[in-house]
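Every chain is named by a letter (A, B, C and D) in the order it is written, and numbering of its residues begins at 1.
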Amino acid sequence: MTDPSRDPSGDASRRVDLDLDLDLDLARKVLEAQPFSRLVGARITAFGGGAAVLEVDLREELRQQNGFAHGGVLSYAADNALTFAAGAALGAAVLTAGFSIQYVRPARGRTLVARAEVVHAGRRQAVVRCDLLTRDEEGAETLCAVAQGTVLSADT
Amino acid sequence: MTDPSRDPSGDASRRVDLDLDLDLDLARKVLEAQPFSRLVGARITAFGGGAAVLEVDLREELRQQNGFAHGGVLSYAADNALTFAAGAALGAAVLTAGFSIQYVRPARGRTLVARAEVVHAGRRQAVVRCDLLTRDEEGAETLCAVAQGTVLSADT
Amino acid sequence: MTDPSRDPSGDASRRVDLDLDLDLDLARKVLEAQPFSRLVGARITAFGGGAAVLEVDLREELRQQNGFAHGGVLSYAADNALTFAAGAALGAAVLTAGFSIQYVRPARGRTLVARAEVVHAGRRQAVVRCDLLTRDEEGAETLCAVAQGTVLSADT
Amino acid sequence: MTDPSRDPSGDASRRVDLDLDLDLDLARKVLEAQPFSRLVGARITAFGGGAAVLEVDLREELRQQNGFAHGGVLSYAADNALTFAAGAALGAAVLTAGFSIQYVRPARGRTLVARAEVVHAGRRQAVVRCDLLTRDEEGAETLCAVAQGTVLSADT
């Protein structure tokens, strides 16, 4: 799996670490190893090439008092999707420095879909963007939030 | 409960809405009405005067694969604390426009504490800051993230 | 000029304000009325349909100590492009609540180009994204930062 | 100059870099070497211990069309103050990854004051907060924006 967004001036000696590049199966194992992701009920449906897609079925337990998905579920999905997308570009040892999320409209629908994509991956960090949408029973998608963040390569 | 951060040029006609100002008991009822907050196990320990404190005991279900609290739990706590603090200043009908979070260090400890404070409340919006700390069994606190955001008065 | 991103549930009575919709010529007049934009040397090259493009020729006076464009020039461009794009969707009376910017790589080149696009415009606010790129003498573009923010309709 | 916010687990081998710690005089030289900071007319009035204060006299050239300081001047000041504060903690070779700014009220007054403080400095990055205020002729200060960001140690 190649990552066209990787900075060509990257340090070749880091290639050793990237022999451990995650593929979708491995990414799913990492997600499965996160107790909070199991509690929320998230799943990864795409991973690789500097991108990741995380989905969450919006059951009643994930709502706030007005019946919409809780903003904290959206921010969880943004945080995790941004991190996994960066992992797809930088390798498994990543650490999210932080992110920003803007809520567009209340999230209602069957499934929350968080699509994150690395905008640029350097040697030490990646800048990542994420669209958060809800998908209804017919498959129609509605944007509910946008996010962006910086993810760092963790020290080895 | 007065809010010293309220802009003195605020529209007096809004006072009607603010007769419904939440106190701690009412804030707790709102939190209890949020299924996701019950799932996470959050509680409000302070509310009023443009500020709010939200706490979450960091049980195993709230972790990520390395044993720390999942970043999504911190972002949930930031999102909710920011919103409640704004509610303490603007009244019950608020809507978070968005927020930014910077992770400082991995969150480990017994309890996550999110302390949010309105920096300024105008007629239509509030800017809010939030410190996220973990507290251990001895009561010692360690900063794990900082957040800031904008919360809007929702239309009536 | 129509704005397809406008929320169909928008309040029809606001149409009175939007009779004053800015077109490119008017947008340029607003920019010209900003002393700081004249100092920086910015120009608007596109405006309308919930989008705006702001350009700045990166003369020596706009640099930092290493010869790159100063981060403050990029953040100025993001702030203004986000605001103008929202103005193209919401009308002339807008106020930026805030924004977030992530720097991707040092900005060098002949011209900084800030392309902002409304992601969603509701009745009272717009969420806007912005790509910041540098363009060299041959016209090749390189991404240097990404930004996103919330812009509010100002009170009338 | 010690920095109490420095993570005690920091790598001692980095001390070599920190022999070049900037003091106020050196910080002023760096600012002076930034053409854009000269164009804006910024000055550093405090520096050290993981903090920095940047001031800008709000002359007419720094305004937008309504007479207030342009948002781009505030974001410039936030960007630079955050970076210098991080430099006071991490050493001279720093690179701002990004920041978020929330505007509180229009900025009017004689001088813009940007007070930035490192919230936490690790080995590779610092999280920094910044208050932006305007100061009038009598010395009274009014908050106009708040910002926070992440600054990285640049590679040597």
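Just so we're on the same page, contacts are C-beta pairs under 8 Å (C-beta built on N, C-alpha and C of every residue); 3 or more make two chains touch, one makes a residue touch a chain.
Note that the structure is a prediction, hence the values are computed from the model and not measured.
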| item | value |
| --- | --- |
| Pair joined by more contacting C-beta pairs (A-B or B-D) | A-B |
| Identity of the chain that, by mean CA position, is farthest from chain B | C |
| Rounded Å distance, chain B centre to chain C centre (Cα mean) | 31 |
| Computed distance of Cα centres, chain D from chain B, in Å | 27 |
| Interchain centroid distance [CA atoms averaged], chain A/chain B, Å | 24 |
| Junction residues of chain C, two or more chains touched | 97-98, 100, 102-103, 127, 150 |
| Arrangement of touching chains [line / ring / star / complete / other] | complete |
| Of chain B, residues touching chain C in the complex | 97-98, 100, 123-125, 127, 150, 152, 155 |
| Interface residues, chain C side, partner chain D - complex | 30, 33-40, 60-65, 69-73, 75-80, 83, 95-103, 145 |
| In the complex with chain B, residue positions of chain D that touch it | 7, 100, 102-105, 119-120, 122, 127, 129, 143, 146-150 |
